[in-house]
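After this come two complexes, each holding chain A, first together with chain B and then together with chain C.
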Partner chain A sequence: MGAGRIAGAEGIQAISFSVAPRRGAVSIIEIVVLASCIVAAVVVSNRYAVDIMIRTFLWAGLALAWNIAGGYAGLISFGHAAFFGIGAYTSTILLLKYGVPPWFGMLAGALIAGCAGALLTKVCARLRGPFFILSTLAAGEVVRIAALNWRTLTGGSEGLEIPPVPSVVDMVFKSQWPYVTIMVAYMLAMFALSAWIEQTRYGYYLFATRDDEDGASAIGINPSHTRIAAMAVSAGTTAIGGTLFAQYFLYLDPTHVISPDISFQFALICAVGGLGTASGPVFGALIIVPLSELLRGLLSQSTSGLHLVIYGIIVIIVILYFPSGVSGAISRAASKLSLAAGFAARVQAKKM
Partner chain B sequence: MSTIVQLLVSGIMLGGIYAVMSIGLTLIFGVLKIVNFAHGEFLMLAMYVAWAVVSATGITTYAAMAIVTPLLFGFGLLVYFLIVRPGIEKPHLVVVFATMGLSIAMQNLALVAMTADLRDVPPLFGGTPIKFGPLYFRLELLLGFLISMAITLALMIFVKRTYVGKAIRATVQDRDAAMLMGINVPRLFLLTFAVGSALVGIAGCIMLPLYSTFPTVGLNFVLIAYVVVVLGGMGSMEGAFLGGVCIGIVQSLSGYYVAPAYGQMFYFLVFLLVMIFRPNGLLGQRGAAMVGINE
Partner chain C sequence: MLKLDAVGRQFGSLWAVRDVSFIVEPSEIVGIIGPNGAGKSTLFNLIAGAVVPTAGMIRFLDRTIDYGKPYQVARRGLARTFQIPKPFKQLTVRENVMLSALRRHHTPRQANAVAMATMEFIRIIELAEASVASLTVGQLKKLELARALATEPVLLLLDEVMAGLTPPEIKEMMTVIGALPKRGITVVWVEHVMMAIMNVAERIVVMHQGQIIAQGTPADVSKNPTVIGAYLGEKYAYAAR
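Then we have the complex of A and B:
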């Protein structure tokens, strides 16, 4: 049993399980969800809740950045923690050693990470599927071990600490609100970039390359350039998120910042929310980050780690039964609703 | 001179250990064309089960293999039915992410159940190394290496000589053609996944006397396993053995001549170089890395 289905499935399906991106305007659902998050952040003033929101917005932005490579270009990277780390370390080292404000430091980090991403994609250009995934994982580990051992630059396993002296120039604030603003701005910028990519010629190139490389090159797209550009943009924007992370938590060490777990988290947020859509990573972050933080808060007294067990199980269930993610499920439900509405309208029209 | 020979020999033995923990991964990859991202956690489970058996009964880990291996076989069946089979008909990313979720769940379940304490078994034979000419061996390492070689040979003979082995080779080469020839491919998937998991059980028993076990023990080793498998050529069992030995030697030499901390970096660099210049590995299927398999 099932034999025929396996054979059929293999031939037909493309790399990604994204739903076809909607062209044109961003849907109403997305705007409503985004707006209500921001309003919620303003209304709630509990320090713990605001902290969760800051993390959620930051992770949403980071997942959107990962999604440019992983979702749009089909370049599933488990080495994005390296770009994240490059961003965090570049701006922090520039700040601590040379007094460069992180506002500029993050651009330097983005540039370095972008070049690193382009280089990685260039050398791994021929690899597909699991081979590409494992190569990115190895590249991430190389960066982590380098950061761990290059003590004079990174402080090794002791890490780097940004002095908690509030200063607008150094992007360190006492209140949480500036952080909320920065993270929301980051998320919105990433969302706008994603929505823009979906509608440009370049976005079509990406989808074509992802779904059928031979077909794409037959119509004159250069798949290699398209991929390299996608990874560079994704790595650069991830690095900016890394700087924001460093400025919010004020502490960096290679084991936590460049760990494969961080890369997995980017990927899982996108997978749960829906790969290859602008709203997917936002939905994913809105579900996963508060969920794991709340579970951590609820369960940490009894046993550490239980919240991640539940998190892992939720990931498995969502991936297996909603392979186009939450945003896919929502858009399916929405289209069913609108179908039903259309049908009802037609019935009404006939009666009249 | 004797230093370098000693390093080479230790590296080769270490490589045998790496081979045995990678061979299940490469077998599953070759037949099912999926990467089990929870492979490291399977190893962690095997080591914990072996530890539990040894502490409860007092037998050696090698005797515990008789219990651990069937248990891991059963666990493999369970995971296949719950996660792999629902996902395998979908694009390969589904299995990637689902096994990753499994990995997170298992790692933290171990943390909840066993805490983060290191668990180990008392060294066998008093822990003294045996001397052979100018060379020293750790007996556990030597035993592990011999078992690893025996398993690789047994698997190779199984795949080359038996009917099921022939079916496995056919499925590795061309799944659709194998199915058209009347091979029950879904059944073969189930069997391969369970056998691959059982092999991890053996690996766990061999590794427990050498390393302590803790909830995240799998992550370190699974990264080595990926390197070994890719180096040898995904899906190739001889390749896994060869890859394991190469990585063992690289680690042993770089650990002595450069710095232990950079040892890991070296094998990741070796990995990246292999991926760039010889992406099918030493003994892999030609073109496998470029086709991308199961896309």
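Then we have the complex of A and C:
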């Protein structure tokens, strides 16, 4: 097994850089965007703005988690709210009933959600495309209804409340900055995980299984294992975001936490930002979350529902004109620029 | 290398493949010909493990194959191309070939070296960074072959790799296939382009209505009256003379 060990040692590769987002490389644009997120988190002190930032970073992390299944493995899921809810409820129930700190409860939630994700994918192994999507939607609803009716555990529709008593151990804070820090860390960790997946063979196995299942098995990839692993990781990391959500809002009820709206939001952010890329979900969240919050803040008093109409129109425009998302648009623009730059250089050379 | 023993597969009441037995020796190029619907593709799917046989046994490298688990069969050193190419559409040509090498060479960088060498051999190296969507039929067929070869197989199943190619492309492809045994690769090849298969294959298996009707060297087979009647036609018999 000498060859295997050598392969493992060479597994740590030099990181390659590029200007625009590209698969298998860390791009300057991504670094700039992520760095400005961190700077903004440190500099901005306006309470409302910080609240929007906290939500944005949390959603970016969650969308990155969704993207592992939906983008990389092609397992479009409209049931991720279930994993989100499992994460939020597991850590909260452990905290309220057994006094387990959410720092550990988070891991328990991730484990349970990961198993649930694996099980769902195993059960739906034969379903493809729209049929798989519908089954995830149904699975999400099953979890929501179960949470609504299992009152002794979840408090039913009355929900669960985490006492707002600041404590580092209980992950409850008075000021906003610890939350910003946690959310930024979650987003960065999810970004790093995504970028790592893209550069490893497991990532390529996901792409292969997504693009052509028969082709993938003909070169020795077990498609069903690949799918199950992708969904388990995606579900587990989504659950961690669920715990963070619970610790920030300190209140949970099934109607809001396990709603299909949440699942759609994950998919929407990825679609707008660019599916199957590490930068897409971040760009998507940076656009969608502040946009919806600002529109709600500005317009909700004048005409009820108007902010949703405008939000919907903007989303449709983005999807129509940027089919590969903002990330794809940036990549294309950058390659056009470099082509133009090359052309200009050649013209210059001829003149000389 | 490969041994089929009375293999059969039934779809409903129809036997797509029935009572097929043959042996493939190492470093051989065996051609399979026959009219449409003769069961060639089903036979291929049976050998590759994609279809489970209803009867009989398939042994590859002295072990019964894992029926219904094509990825297990592939891991043991059997590669195949598909009649309709099945590339990974969102990846580049290089990434497509590199993916095939990833099972043996664990990091993308190591696999990349294999991919480069394979693309050089198949002469698609200049397409390395092209997207799959921009390829012609001929280029897709070459990519399909490169993907199969990059798994570094001992046995290669080719499913109509010549279909849709231009005459110069066919010539090029014949040279490539003819060179495979020297690289230690045994070939089982289904083909309709008679000029190609009759010139490159050392042995021909003729199928008709799910069964083998003749086996032998290309010269023997092309003179066989049963084969001429079932598939080649009188004209071919005349031309072969």
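Simple rule for what comes next: the second predicted complex is superposed on the first by the 325 of 352 C-alpha atoms of A that agree within 3 Å, B and C clash if a C-alpha of one lies under 4 Å from a C-alpha of the other, contacts with A are read in each partner's own complex, and residues count from 1 in each chain.
Going forward, a residue touches a chain if its C-beta (ideal position, glycine included) is under 8 Å from a C-beta of that chain, and two chains touch if they have at least 3 such contacts.
As the structure is a prediction and not an experimental result, all values here were calculated from the model.
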Touched partner set for A:Ala35, first chain B, second chain C, both or neither: neither
Contacts of A:Ala333 with chain B and chain C, given as first, second, both or neither: neither
Partner chain(s) touched by A:Ile316 [first = chain B, second = chain C, both, neither]: first
Chain B versus chain C as contact partner of A:Ala146, first or second or both or neither: first
Partner chain in contact with A:Thr200 - chain B first, chain C second, else both or neither: second
First, second, both or neither for A:Asp214, with chain B first and chain C second: second
Doubly contacted residues of chain A, that is, touched by chain B and again by chain C: 7, 10, 13
Chain A - residues contacting chain C, complex: 4, 7-8, 10-11, 13, 24, 199-201, 204-205, 207-208, 210-212, 214-223, 276
Footprint of chain A on chain C - complex, ascending: 48, 50, 69-71, 74-75, 79-80, 82, 86-91, 95, 98-100, 102-103, 105-111, 147-148, 151
Residues of chain A that touch chain B when the two form their complex: 1-3, 5-7, 9-10, 13-17, 76, 123-124, 126-135, 137-139, 141-142, 145-146, 148-149, 260, 264, 267-268, 271, 275, 303-309, 311-316, 319-321, 323
Contact set on chain B toward chain A in their complex: 29, 34-35, 83, 85-94, 96-98, 100-109, 111-112, 175-176, 179, 184-186, 215, 219, 223, 226-227, 230, 234, 259, 261-262, 264-265, 268-269, 271-272, 275-276, 279, 288-295
